[in-house]
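You will see chain A twice below: alongside chain B first, and alongside chain C after that.
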Partner chain A sequence: MDYLITVGILGGINIIAAMGLAILTGYTGLFSLGHAAFMAVGGYSSALLFMKLNVPFILAVILGGFIAGIVSLFIGIPTFRSQLTGDYFAIATYGFAEAIRLILNKWAYVGGAEGMPGIPKLSNVWVVLGFTVVLAYLANNFTHSQHGRNCVSIKQDEVAAQMMGVNVFKTKLMSLFISAVYCGIAGGLMGFYFSYLIPALFGSGRSSDMLASIVFGGMESLIGPIITSFLLFAIPQLLYVLDKYRLIVYGLLFVVMMIFRPQGLLGYRQMSVEDFKRTISSFKNRFKKQGSAADKGEQ
Partner chain B sequence: MTLFLQQLVSGISIGSVYALLAVGYALVYSVFSFTNWAFDAFMVVGAFGAFYAITDFKLPIPLALLFAILFTMLVSVFVERMAYRPLRIREAPRLFMMISAMGANMSIINIINLQFGGHFRNFPQITGETLSVGGIKIGMMDVFAAVFSFITLILLWIFLYRTKMGLGIRASALDLLTSGIMGINNDMVAIIIFGISGILSGVAGVFYGIKYAVFPYLGLVTIKAMIASIIGGLGSLPGAVVGSLLLGILETLVSGYISSEWRDLFTFSLLIIVLLFMPNGLFGKSTKEKL
Partner chain C sequence: MKKLLSILLVALLLIGTLSGCSSKKELKIGFNTQLTGPDSYIGQAAKIALEERVEEINKAGGIGGYTLKLITYDSRSEITDAVAAAKRLLEQDKVHAMIGPEWTGAAVPIAQIANDSKIPVIATTASNVSVTVDDDGNVYPYMFRTCFIDPYQGYALADYAYVDMGLRKVASLTDISAAYSVGIQKYFKDHFEELGGEVVAEEGYQANDQEFRAQLSKIDQTDAEAILVPTPTYRDIALIAKQGAALNMGVIYLGVDGWVAEELLEMAGPELEGSILTSGVSSDQPQFAEFNKVFEEKHGIKPNVYAYYALDALEMIVYGANESLKAHNEITAQGIRDAIENMKDVQLFTSKMTMEPDTHNPHNKPALIIEIKDSNWHQLKMFEPES
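Let's turn to the complex of A and B:
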């Protein structure tokens, strides 16, 4: 049971972070290699708020998320103003993330490379579940709002979107801010679960794990990354013998997915109750057709 | 003054390794307009190839280097064939190319890690001699690496600017579609480009392995070369060389005069400053999309 709770908590944290990245990479088409840094900022700042300023736990986590969002503006405003896209933006976020990690490594006040111990263990499964559900609801609303549609239009064609009157700079910045807030909250919950924080937790490995869940789950989908981020976390936990092959398989799957199914496992679909009904009825129809075809064949 | 000159020399030595890698990035970028994110793995393949050719197969050193370089070239062409070409032909978005390349990179490095283990290996000592010029000590190996790197780059320059095939590649760099219509085989260009960049990364991997150690994550240094090629301007070959030497020298000066701990932070801050104030680098073309 303890084991299941652990999987539930860490799975929930991964889902929150993946939803954040889904908004930036999946919807807006900006490829970030440094979102682990926003988790680090959220984690460290919420722990400091709680321990040094006695801010209540839930509020500290939320504020930590917003601090991560504000930090994201430091990289967002300059890069979006000089219209960096694609590879340039990816490298800039990578550099930014490494810089943050190096600063945390050197900063004695937060423990340097040895990390910050003694954070009370307050993240239980209900808190994480509550955060996950609320944030999923908000993310879903965002992606269906006008702002979410603006994001998709930028991803599909930036120039065309601009000509249709979308404020590209503002929309990109909003998308980055929201995704950083999500990652910050995930980092905060993680700190209060592990009861310590070290900069090594937020290396480029975590960024590529997050990326994997977006790639496998599908661009322009929330439910896809939610499912895959949970599976990608839970499956290696259950089959830990195979853990050493994990990254090799991820890598090969990246290539195979991009060649054969770049829209991700679930594609551009959102999951809803009607969707289930439609899937079931389409299956039924297929069986009926096959049945009737077989009948004709016999005749 | 001696310290400064000493730093300058080691800066040029590390800068020449960056230059090989940065030129590899620039070459691919100039023709196909995407960054080859699998470069890191090619470098590791080169270093491991040379290491095991010397220790396990007992090949003499020049042969081992040749073996490593050719092997890296094959891996590079293979990755192009498997991970890039299907996407390139379909004209997939650059995001997909990036993900595919990172996937190839991740797999190759982790296969090497699993197969050979993640420990550090010391490259067999080739020569430990040092030259002493006016109080400055220069390792013979550093000199050899720098000279060999520059010879490689000069050969590449001759190939690109003095042969017919090079003319074809430059035409493709100008406009891939038009050159394709004019009868240049773009798939062949891709094979040649990736072959050359494989050779460059193989050489760089061998020298980096000799200078430091051979381990599966040594390829992380390619991020420095990527930064150098951005400083020089993505897609510009002279820019890549100048940017690399500049970055190598600045890095060693920072670690010599301030602290080696702040070296990486300095490099990443430099990247962000360059991207802010001159996103096209020193010699690059404009990156803005044109209608």
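Let's turn to the complex of A and C:
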């Protein structure tokens, strides 16, 4: 049971980070290869706030998120001002993330490459669940707000969006800021769960895993990345029984998934009560059909 | 087709949740290791060696009616995965003891988990001080290790370099993203300068870098007589030595136990001629010759020091289990822990082991000084601690 809770907690942390990236990549169409850096900033700053300045745990995590948001402006303002998009923006974020990791590796105050041990273990399943639910609610509201729609319009056609009066620079910056706050909070929760932070936790592998869960879950969908970011963590855990074939099967799942559903698990769909009803009724119909077919067979 | 696939996948996932049900009298031992990715050489031989030894013990009747069962999980060298694997072993599979992980980054958070679940964990090659002792110097009661610690290795290497080799000026090239590497460099420098030597250049790189020519050229401009390269993996030093040779540097390298892998000699044996390293064990020691030969014939791969360390950890658990049986008439995690904490001069696979109860580090584990000569390891000296 404890182990399942661990999977739940780490999965929940992944979900929070993925929701942030979904707003930036899924909705605004900006690919980032460096969001692990914002997790690192959030993680380290919330741990420092807690340990050095005695800020209460929950507040420290939230403030850590906002510090990550502020740090994101350092990369956001210059890149958006010079209108870097697509691959160029992705590479800029990648470089930025490496720079953050290098700084942390060299910074003796936070332990450098030897990491920062001794963080109290305060993240539990309720805290993570609470953060996940509240942040999911906020993210959902954002995507349905005018700002969220502005993001989508930028993704679909930047020039047209500008013509319509959308402030492209500001909207992109807001999207980046929010995504960094989410990742920062995820990083904070992670530090307080592992009770240890080390720059190696926030390597480029984590950034690309996050991006994979967005593409996998479906662009312009929140629930898609929520599901996939959890699954991408949970599936390798369940596959432990396969021993050394585990990662082969895991890779195979990726390939099969991309062949059969190139638009992602949920594509452009959003989760809503209507969807649930539709799914249930379609199941009912199918059973009815099968049932009646079977009846006929008996006769 | 789609339906079939999805059914298969679901079935696959369900199997995962159903594993690990049994009720026999078993001594369960977890093994948290690296079986995939570039560092898989660390775990693969070790896994085979452990399986073989477990089978051997079981054939001989087990331990006091208990059959041994080894459960191995792959951490693919990721901290998150190693932590999740440890959780699974300690809290779901409820093992009596766990072997691994092999590196500090994962071992530090796992020390906490070991404490929470009250099951002993024996890290193999996680050598940073903070693995078994917290910031205030309190020992983690359930965390042990089989290797010596970084300060000791840095100290031994500096001592040998200054006193025996007569080196006075050394440069260093450190993996600044690895706790292991940074730690040894720091302790080497401290002791080397204390003796009167000088570290003339301190260069760095990050894990998985392939290109070292810039740093090497910089070092080349100094009058360093040797370069300290405390790399956590043989790949780095192999590339460094090759690129150094291409630059005609003609220096020797000082290394650490992270170098030790047969692959290194195949990749860069000639380039490393005359280089010196320290290690807790070496596969060329005569007492392993027989074991190595049989192992290689049977499995087609050479056993390495990581396998030796894992076997040491297994022998520690076996010793703990026996002691637990004597004291409580059953094998419990607590009994194993208590026995390991107080073990004195117990013969393990590589050597005799005495545990230091206040640090959970092996006591006075000797460091071998090894020279690379004719693309082979040659033991020069056994460095015994003074205290």
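Everything below uses one rule, namely that the second predicted complex is superposed on the first by the 257 of 299 C-alpha atoms of A that agree within 3 Å, B and C clash if a C-alpha of one lies under 4 Å from a C-alpha of the other, contacts with A are read in each partner's own complex, and residues count from 1 in each chain.
The rule we apply is simple: a contact is a pair of C-beta atoms (placed from the backbone, for glycine too) under 8 Å apart; a residue touches a chain by one contact, two chains touch by 3 or more.
Because the structure is predicted, anything quoted here is derived from the model rather than measured.
After overlaying the two complexes on the shared chain, residue contacts for A:P78 are found with chain B alone; chain C is out of touch.
In the superposition on chain A, A:L102 contacts both chain B and chain C. In the overlay built on the shared chain, the residue A:L253 is in contact with chain B and with chain C. In the superposed pair of complexes, A:I198 makes contact with chain C only, with no contact to chain B. In the superposition on chain A, A:F66 makes contact with neither chain B nor chain C.
In the superposed pair of complexes, A:I91 makes contact with chain B only, with no contact to chain C. Once the two complexes are overlaid on the shared chain, A:V215 sits against chain B while remaining clear of chain C. By the document's definition of touching, of the two partners only chain C reaches A:A113; chain B does not.
When the two complexes are superposed on chain A, the residues of chain A that touch both chain B and chain C are 102, 106, 244, 247, 253. Of all residues in chain C, only 2, 5, 9, 12-13, 15-17, 19, 35-36, 72-74, 76, 78-81, 83-85, 87-88, 91-92, 104-105, 108-109, 112, 117, 128, 130, 134-135, 175-179, 181-183, 206-207 touch chain A in the complex they form.
Across the interface of their complex, chain C is touched by residues 1-4, 6-7, 10, 101-102, 105-106, 112-115, 117-118, 121, 194-196, 198-201, 205, 235-244, 246-247, 249, 253, 256, 260 of chain A.
By the touch criterion given at the top, residues 29, 31, 75, 78-79, 82-88, 90-92, 94-96, 98-99, 102-103, 106, 158-159, 208, 211, 215, 244-245, 247-248, 250-255, 257-259, 262 of chain A touch chain B in their complex. Taken together, the chain B residues at the contact with chain A in this complex read 34-35, 82-83, 86-87, 92-100, 102-108, 110-111, 114, 223, 226-227, 230, 234, 261, 264-265, 267-269, 271-272, 275-276, 279, 287-289, 291.
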